[in-house]
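What follows is a set of structures for review.
Two complexes come next, and they have one chain in common, subunit A, joined by subunit B in the first and subunit C in the second.
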Partner chain A sequence: MSRGDIFIELDDIVKVFPGVRALDGVSIKIAEGKVHALCGENGAGKSTLIKVMTGVHARDGGDYRIDGKTVNFKSTKEAIDAGVSCVYQELSIAPQLDVAKNLFIGNLPMKGHIIDHKTLYEKSEEILKFLEMDISPHMIAGDLSVGQQQMIEIGRALTRNARLIIMDEPTSSLSEAETDTLFKVIKTLVEDRNMAIIYISHKLDEVMELADWITVIRDGKNIISKAKTDFTQAELVKNMIGRPLENLYMKEPAEITDTMLEVNHLTRDGVFDDISFKVRKGEVVGFFGLVGAGRSEIMRAIFGVDKYNSGEVILDGKKLKGGDPAKAIENGIGFCTEDRKKEGLALKISILSNMTLVKLKALSHGGVVDRVAQRRAADKYMKSISIKAPSVNQLVGNLSGGNQQKVVVAKWLLMDPKVLIVDEPTRGIDVGSKSEIYSILSDLAKQGMAIIVVSSEVEEIMGVCDKVITIAEGKKTGEMAITPELTREHILSCALGTETDFSAETDGEKKEEVKENG
Partner chain B sequence: MADMKAKKKGQENSRWQRFIHADGVSVFFAMIVVAILFEIILQVMRGGGGGLIFLTPANLASILRQQLYVGIIAFGMTLVMITGEIDLSVGYQLTMLCSICALFMIKTNNAFVGIVGTIGIGILCGFVNGWLVSYLRLNSFITTLGMSSVYSALALMVSAGTVLVIPNDCSPAFQWFGTAKFGPISILIVWFIIVAVVLGFILSRTVYGQQMYIIGSNPIAAKFSGIHYKRNKLIAYMIVGACCGLAAVVMMANVKSSNPQSSSGTEMEVILCVVLGGCAVTGGKGSVWGTIIGVLFYGVLNTGFTMMNLTEYMRWIIMGLIMVLVLSMDVLQERGVKLWKKKA
Partner chain C sequence: MEEKGVKKEAAAAENAVDLKKIQRVRFLKDNNSILILVALLFVAFIGVDGFTGSWYNVALYSAEYGICCLGLALVMICGNIDLSVGYNAAFCGVMFVITFNHIYNSTGNSALGIIVGLIVALITGGVLGAFNGVIITKVGVSPLIATIATNYIYEGLVMNFAKTSFAPVNKDAITPIAKYQIFGLRWLTPMVIIFLLFVLGTYLWMHYTRYGNRLHIVGDNPEAAEYAGISVSKTAFTTFVLCGIMAGMTGFMMVAFSGAAIYTQGTTLGTFPISCVIIGGVKMTGGKGTAVHVLLGVLIMRTVSTMMSTMFWSTNRVNLVTGLLLIAVLIADRFTSTKSADE
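Take a look at the complex of A and B:
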């Protein structure tokens, strides 16, 4: 077979779950040596489609052919044997095993009944070299970074002679550098090895860069499927959400007044060093840096979940005692954490309880919750930030990613914070919800809240913030006002630590100077 | 469209579904079915014709009566299990507290010392368990198993290994505490109801109670929401300790003798009651209302099997299997939920 030949065909695939038709006649054709992007909002049916392809779910209708023959996979093993491998969002690395064994897991080279270690490590070296990974196959997989682990998963697909590798949100936890490497590897796989890739991502610029062919699905149906060259990004978005999206970032100017949060020389040994900055009322300050640069750790220290060694945090003129999130909340700091499922939400519990969690004391008299007030408070935010759920009694675990994120945001808005820290507010959520989150942030700033946005997407920082602070290896390397002149590249090089730029370090005089000049 | 339809259908059914899914309701129906089954089996075994055997008021009342001690402890255990922890030491805690209570009464014959002292020491036991589990972050399963051994040994130590007998002419106030009657209602039932109402109120209506569910469902999210999860867990263990203390006092006032070697298996009974009542071992789910049903259900099973002339050993085999079954249902349901979520 040669590049461009179609070898996998799915026709009119139907998958029904109790009460929902998750897939309602999706058709897609996969060609060798091409990257096929699959786009759609959360809940559109992408994951279900993949599970049908990889043998996790049996289809309820339609036809699935590989090389013209109908297949009915009963397990993921059968799919893998047929050449269909998947790199899932949740990595399936065995952290205690070494790299080589992870690569060949379930498929170890054998000599009779014992593992052929020589072949194992030789072959692993080859694969690592192909993936341009400068690590030893003897390394313990648990010690690798998330990006490296992801590469191991891709390597694993290679050891299984995959013809199609499905990648579900592969870059959601990768740094920019790791993403670049991943792209390079994908291109080699496609061009040199004639492999097919199905690439799923919410990051549309990635899709536009990588894909040869794009299929958009919505509500379990095919919406459109055509060559990338025939698509514009705007068209893509329009098809995904079913309506045109005017402007993703809707930052409206807010009046910036007094300093609300002041952080001076905050240091945690070995994690971050001498971090100082100010956030004023109505100001949105972005924190940008590579994954692992220490951005989230700084926020955790300010909020009090982690301790710090020296420095001080002053909120509204009052010095905070570190190391106690309950005190931080009491004083008016809200913290939407990076990983909503792990740190933000109790999935088995209702929206109502999750939302009112930090406000519970204020909604109670002598320790007894005023249920009417609780219900009223939750209902208000269900409406005002349009969380899509039948009622506040719905379990949070049953909501889509975007709606879950809105519940987290609502939880912190309910306490009416003076400073709101949001860490990766739009990770893994669809474009529609993204734009809603941005407009919420913009509204809050207008109401005079001081906001910190931590993000690893430069566009997001540039779109929603007034100012960006870059962090590289635990040190502050820049503080710049977001102006039309500020370039993406400049922010990136500060975040890499190759440049520094403190042009917007806040103090009153400088700002006035600028005003006079302007 | 399909989505819309599904939603509409969901709403139509919602009230009924909510009722069915409410804690304990399905277990309640299961219990009634099982009780009727027992009636049928017993009728068949005994040839029938002689009127009701199992479903007689006297029998049902005796089921309730047997379960009261276990029930009181099960309510406390519900709190601990909602936070995702467990207390395996309640059995030996009860044994030890009975010995201590008997000792207090024999030495002082003072109702205040006997009652408050015993419950106080119960709370202290809970404090130790809770402190180890929440502040030292030890695994609750292992920790409380270990503490079981400690309490068992202490029971033997305080009683010098003998059965302690409280004299029949001991303090009337103490006797009243466990044997008083209000008309036809024994004070045991009153205690059962009081503990249920108080803990039920705490769980469903207070800030503390609502926080417990969050702690059980996601302890990290609880921490990031400024909840004092360590303190809350500690309090839950102390409540269990208090419940054990109360059960011990009431039991001593009734039977007036403590056997330090009765390795009763109470902890299994308690856990089975709580689990039958719909509490998830993984935490975050359960209620006192559910546990009440669980306690009654357990009583029905226990009495039913006894009336079928099964030996105690046989009963324990069946109870053990039921426990495994109930727990695996929980796990399966959880997996179901996950599949549902991934599809969304």
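Take a look at the complex of A and C:
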């Protein structure tokens, strides 16, 4: 077969979950040697569609053909054998196994009945080289960064003679450099190996760069499907959310008053070093740096989940004792973590319970939970950041990836803290809801909350913050006010550590001019 | 662009150093049972009078109970637990004795009695293991609760079938074979060799076969296994059956050791396998450990008990020390894991 030939067809696919018609007649055609992007809001049905394609879910209606023949995969194994491989939205690394065994999971090279370890490690080396990863196949997967683990999952698809590789939000935890590598890899696969790729992402500039063909789905139905060249990004957004989006970032000026949070010389040996800053009421401070620079670790220390060696955290004039998150919450610090599955959510309980978890004390009278108030509080955020679920009683584990993330965000918004720390608040969230979250943050600041936003997206930082602090390798390399003059490049070079700029440091401890070292 | 490249290289280099260090710490942590064993043996040989004369017991007693520890390890590597190993083994011992006596009484052929008896013991163990497996992987009962319950059931079976708390074989044909000293070495008996063969076999199975390799994946991340086309419930079921068969083998070994099926051995065995497996370095949470770890764990536990019986300590004190050792190992594990990679 040759490039552009259609070999996989899905017609009118229907998938029903209790209370949800997740797919309601979706059709899609996949051609060899092309990148096919799948776009849609959180809960539109993207992940469900690909799970139907890979045999995780059985379809409830419609036809699924490969090379003209109808297929009914009963397991992922059958789909893999038929050439359909997938990198799922949720990481599925076995953290205690080594890299090679993770790459060849379920598919170890054999010599007769015996595992061929020599080939296993040799082939793994090859794949790692292809992925431009400078690690040994003997490394234990759990020791790798999240980005590297994601790359391993992508490598996994390469070990399987796939004809189609599906990637569900592969870049949500990759650094910029890793994303570049991934794009290079995708281009090689498509151009040299004539593979087909289905690419799902909420980062629309990525979609616009990579895709040959774009399909938009909403509420489990096809909205539009055409060549990338016929799309503009604005048009894409409009089709996704059903209305034009004028302004993604809606930052309204807030009154910035007294210092709320003061961090002095915070140090954790080998992780971050001598971090000082202040956040005032009504102020939104962004923390920017490369993945692994230590931003999240600083926040974890402030919140008390990690210990620190020296320094102090002062909240509203009161010095906090470190290492006690319960106390931190009580004192009014809210922390919306980056890793939602591990740290932010209980997957087997309802949206309602998850959302009101940290707020429970305020919602109860003498130890008895006020169910009505609880329900009202949850309902409010279900609507305002449009969490897509049949009811607040739905189990969080049944939500789409983006909607799970929204529940975490809602939980902390609900708590109404004095200082709110949000770590990558919009990872995996569609554009429409992103703008909702930004406007909520802006409102909260206007009401006098002090807010810290940790992000790996410069645009996000520039769009929602009053000032940005850059962190490079655990050290503070800059503190700048967000002004129209501030450039993206300047923030980036501070985050790389090649420049420093402390022009916005308050109290003038060490006001320095912009200086160049690189 | 250029900046990014340079940065990437620097980060990669730093990463590499870091990972090397992490790997070294990890290796030590994963294999700390070697250190424990060496230290214990050192203390025993230097500090305990008479240990030079009694250490061969470490080998003999290890062989007696060791095989079911391997079986339990398989279950635990898959992320489950089996608390019914003790009475499963005891019951298989009873079944061996009944079969042997029956055949010996009717034919007078003790070799035939041993062979058929062994087969019956293994099948019995496998069936009881499969029973655990069905309740846990098909019905979905938690392995902890399920096997506490089946342990009671198997205890009941022992009582019902044995009808006595001490059921001897009618002709003591196996103990002389089992305890035969190869090359005149007191520690090298057929039982020890059988145990070592089981260790080797289990190790090779897990290292070299596709099926054996699944255990780690399933225990480590069941979801990932399922997505990779590996059936979690089938794999877990297999481990319960294998654990049962190995418990059956242990039942046979216990009879071979003492010439009788003894009711209380179900209780004596009790939590011993779990202690061995954990001390050896198999994780409670699954995904980690090899047959060699089990071997080390069994040797450690047996060194401790041999040391203490050489010093004529009471069972109570032995239990106390064993418990403390177990806790020390678990604390050391916590300590090193928070120190290493901040997982």
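Note that in this section the second predicted complex is superposed on the first by the 429 of 518 C-alpha atoms of A that agree within 3 Å, B and C clash if a C-alpha of one lies under 4 Å from a C-alpha of the other, contacts with A are read in each partner's own complex, and residues count from 1 in each chain.
Basically, a residue touches a chain if its C-beta (ideal position, glycine included) is under 8 Å from a C-beta of that chain, and two chains touch if they have at least 3 such contacts.
Since the model is a prediction, treat every value here as computed from it, not as a measurement.
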Practice task
Kindly classify A:K406 by the partners it touches after superposition: subunit B alone (first), subunit C alone (second), both, or neither?
Solution key: neither
Practice task
Considering only touches as defined above, state whether A:A22 meets subunit B (first), subunit C (second), both or neither.
Solution key: first
Exercise for the section: Considering only touches as defined above, state whether A:L108 meets subunit B (first), subunit C (second), both or neither. Expected result: second
Exercise for the section: Give one of first, second, both or neither to describe whether A:N398 is in contact with subunit B, with subunit C, with both, or with none. Expected result: first
Exercise for the section: Look at A:G142 in the shared chain and tell me whether it touches subunit B only, subunit C only, both, or neither; answer first, second, both or neither. Expected result: second
Exercise for the section: Could you say whether A:A326 touches subunit B, subunit C, both of them, or neither, answering first, second, both or neither? Expected result: first
Practice task
Scan A:K46 for contacts with subunit B and subunit C and give back first, second, both or neither.
Solution key: neither
Practice task
Name, in rising order, each residue of subunit C that touches subunit A in their complex.
Solution key: 3-4, 7-8, 11-12, 15-16, 19, 22-23, 26, 207-210, 213, 216-217, 220-221, 223-231, 283, 287-288, 341, 343
Problem - Of all residues in subunit A, those that touch subunit C in their complex - result: 56, 75-78, 80, 86, 88, 90, 92-97, 101, 105-108, 110, 113-115, 134-135, 139-140, 142-145, 156, 176-177, 180, 290, 292, 493, 496, 498, 518
Completion exercise
Seen from subunit B, its contact residues with subunit A in the complex are 2-3, 6-7, 9-11, 14, 18, 205-208, 210-211, 213-214, 217-218, 220-228, 280, 284-285, 337, 339-344
Fill in the blank from the handout: subunit B partner, complex, touching residues on subunit A are 17, 19-22, 24, 42-43, 47-48, 51, 219-220, 303, 305, 325-330, 335, 337, 342-349, 353-354, 357-358, 360-361, 364, 367-369, 371, 390, 393, 397-400, 411
